[in-house]
Amino acid sequence: MSGNPVLYDHPGPRARVRNAVLTVVFGALILAVLYWIYRKFDEKGQFAAVLWEPFLKGATWNNFIIPGIEGTLKAAATAMVFALAFGLIFSVGRLSDHRWISVPAGIVVEFFRAVPLLLMIFFISYGVPFLIQSSVPPFWSVVIGLTLYNGSVLAEAFRAGVHAVPKGQSEAAYAVGMRKSLVMQHILVPQAARAMLPVIISQLVVLLKDTALGYIVSYPELLQLGVNVLSANFGNVVQAAIVVAAIYIVVNFGLTSLASWIERRSKRRGTKTQPVGPLVDGGAGA
Amino acid sequence: MRMTRVAATAAAAVLALTMAACGSDDGSGTGTGTGSGTGSGNTATGVVGKAASGSLKIGVKADQPGLGLQTGTAYEGFDIEMAKIIAKGLGMQESGIQYVTTVSANREPYIQQGTVDLVIATYTINDERKTKVNFAGPYFMAGQDLLVPAASTITAPEQLAGKKVCSVTGSTPAKRIQENYKDAQLQLFDSYSKCITALAGNQVDAVTTDDIILAGYASQSQYAGKFKVVGKPFSEEPYGIGLKKDDKASCDKINEILKAAATDGSYKAAWDKTLGASGKAAPELDVSKLTNCA
Amino acid sequence: MPVFSDPANFDMYVSGFMWILKMTGVSAVLALVLGVLLAAMRVSPVPVLRWFGAAWVNIFRNTPLTLIVFFCYFGLYATLSVSLSDDIDLNNFWLGVVGLSVYTAAFVCEALRSGINTVPAGQAEAARAIGLTFAQTLRIVVLPQAGRAVIAPLGSVLIALCKNTTIVGTIGLLEASNIMKQLINDNGDQVILIFLVFAGTFAAVLIPVGYLFGWLANRLAVKR
């Protein structure tokens, strides 16, 4: 029902007038607020050229922002691979018929879903070294934290996906004599993965955003380099944050658009898998 | 057919991601450190030994103007100049120094676990830290002070009652305010640059930490003339150079280098080049206060 | 439990989680209200409202919460001079609540919108056929069914919100994560214990909440 012409009648003359009035009033309101924000920023000198100038210089981008983006993407990409693997392993584990596998897998997944990522990364960086008598580099603190959390969320998504595959599919597979591992591998997981693809991608957006927590262990990602270190050089923390936020929005919007494109595409092709109710994770973290 | 296409896409995606993951490698503390140094960090191969082999990993701050500031691929500031003096004294090239960004909370672990060989990062010598690491120095006597707007009437921490004062989460200066000046309202951020921004916007009345750090911020060109350091330190923060607890030989050697630097003008040159911009004259390096590296 | 037997530390632990609870409670209500309004905007007949809802979701959902909370302090408070309390802690608390609410509302809106999609078109058509207006259709027929369909996702959103409150620590509120850091700084020898207590508290509260929402979702599901 996207676009939802179903929810209201085709506008008649009166409704058209009413919509036009609402458009004008609401539009004016938004513009007024935006203008107020603009005026206030101007009053406080936030548009002063000296604060924005650094962003016109190539060196600023080469020294801070681009290395920051690289750091963010490197951590996100590594964590995505690990999180997908973690999610796959633990979803299958949780679906296992053996209780000695399914119960521990369930506990792990539930625990890591419930602990704030901020605490997790902090602990990996400052607590785990006491356990293993060796320091954990910031990069791995971030990647491991992201993997444990997002992997657990993905495990639940995969599990929901497997449950959404029509029963007939697995029954038919058992009927032709496949073992459970084969049924999983060849029938359930591929269909579940496809049904859950939009959920998986939106979780990857969450993961990408969460790399921003890397700054608490001084991992050089976009927030750390582009806001904290950059503004220590130029004294323009608000401006730096605006630029960095814009970069995050563009990158994540791209990923989100990819997710909805895939969703539309799979709908059009009419996969037999039932749409798995609206399963959104709350977009945790950072 | 459909299935294979999905599988192929997935495989391609994973491949691309893996390649991206392996593609770049700037060693800023990410992949390094775990393996080396942990087992063999004894006196024989301590800092002196590593310097002899031509490379040292030195932990420094990345976001403190005038002291340790990352300016892209390079670092600059007084701590960085000290690092260069020590490297030179140990007979190695400046280019052999690998700077590693540290934050206050990970300085001891980084030394203990060998992620870095030395820490020169506004590192106050105190008894609690001495139980974990060894200190050479002090190479500078800092003290907690206040940074206030140029027109402010605040001249001492006692006048902070009811005022908003900003510092960094979990830092010693923040704790001192919490304990000794309970009437002050404490605003905490995760970096001093945010405190300075809040001070510039009048959201807080003062920023507190070591005077030398405050001087570094105050001397930045964007803030020229806007702030003043009160100039009455209410604590003693002797800055030391941290290294492994059992590396007494290197610690003694670094103290020797500091002694030489105090008289041959290189210490003054380091100051003039960096914090001299704050208008403060170079301090004397008081060699009588150097630690005994016990 | 040597750390927590010190009453001062125990009080810190309690006060840290009290902030978490208060922020979760207030932000949950605000985010729900805002989210419902945004969802209504996104399906409304007025293009400007639809556009506004979409812009809101795309901006806030795609920005790290750390930055949103940062903007609440340095944008809303510092630059726009919106002061929410004279007390420094309460002010930061409310600024944090604003950040959490606008961020979480984007997720509530998207959850509700996907819920609206699960309501069969015939329901809305029937509502229009008996002469209900858009607002009435939404309020009386569509949203109650959509809401019941998205109880589980809303539960996830609530749980994420609760965990996200730790991020307000970045503007200085002494909530659980900051308290944990402080305790770890002061008691370096008991890092593991301190982490397990803090993480365990979150898990002990949030895992049952997760199951509760699962159970509710099943119970209240619209049977078709």
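Letters A, B and C name the chains as they come in the text, with residue numbers starting at 1 for each one.
The rule we apply is simple: a contact is a pair of C-beta atoms (placed from the backbone, for glycine too) under 8 Å apart; a residue touches a chain by one contact, two chains touch by 3 or more.
The chain lineup, named per UniProt: A, C = Glutamate transport system permease protein; B = Glutamate transport system substrate-binding protein.
Just so it is clear, the structure is predicted and the values come from calculations on it, not from any experiment.
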Chains in contact with chain B and with chain C: which ones?
A
Of all other chains, the one whose Cα centre sits farthest from chain B
C
List the centre-to-centre spacing of chain B and chain C in whole Å, with centres computed as mean CA coordinates.
37
Indicate the whole-number Å distance between the mean C-alpha point of chain A and the mean C-alpha point of chain C.
16
Distance between chain centroids, defined by C-alpha means - chain A, chain B (Å)
34
Touching at least two other chains at once: which residues of chain B meet that condition?
105, 190, 194, 197, 201
Multi-chain contacts in chain C, i.e. residues touching at least two other chains, fall at 74, 78-79, 169, 181
Two or more other chains in contact with one residue: find those residues in chain A.
44, 126, 215, 237-238
Touching residues (chain side chain B, partner chain C) in the complex
105, 108, 164, 169-170, 185-190, 194, 197-198, 201, 203
Give the list of chain C residues in touch with chain A in this complex.
43-49, 52, 58-59, 61-67, 70-71, 74-75, 78-81, 104, 107, 110-111, 114-119, 121, 124-125, 128, 133-134, 137-138, 142, 149-150, 152-153, 156-161, 163-164, 166-167, 169, 176-177, 180-181, 184, 191-192, 195, 198-199, 202-203, 205-207, 210
Going by the contact rule at the top, pick out the chain A residues touching chain B in the complex.
44, 50-51, 59, 62-64, 67, 70, 73-74, 77-78, 80-81, 84, 125-126, 129, 133-140, 190, 193-194, 215-220, 225, 228-229, 231-238, 269
Going by the contact rule set out above, which residues of chain A touch chain C in the complex?
1-2, 4, 6-9, 11, 15, 19, 22-23, 26-27, 30, 36-37, 40-41, 44, 46, 110-111, 113-120, 122-123, 126-127, 130-131, 205, 209-210, 212-213, 215, 223, 227, 237-238, 241, 244-245, 248-249, 251-253, 256, 277-286
In the complex, the residues of chain B that touch chain A are 2-3, 6-7, 10, 14, 17-18, 20-21, 23-24, 26, 28-34, 38, 62-65, 69-73, 101-103, 105-106, 109-110, 113-115, 190-194, 196-197, 200-201, 220, 222-223
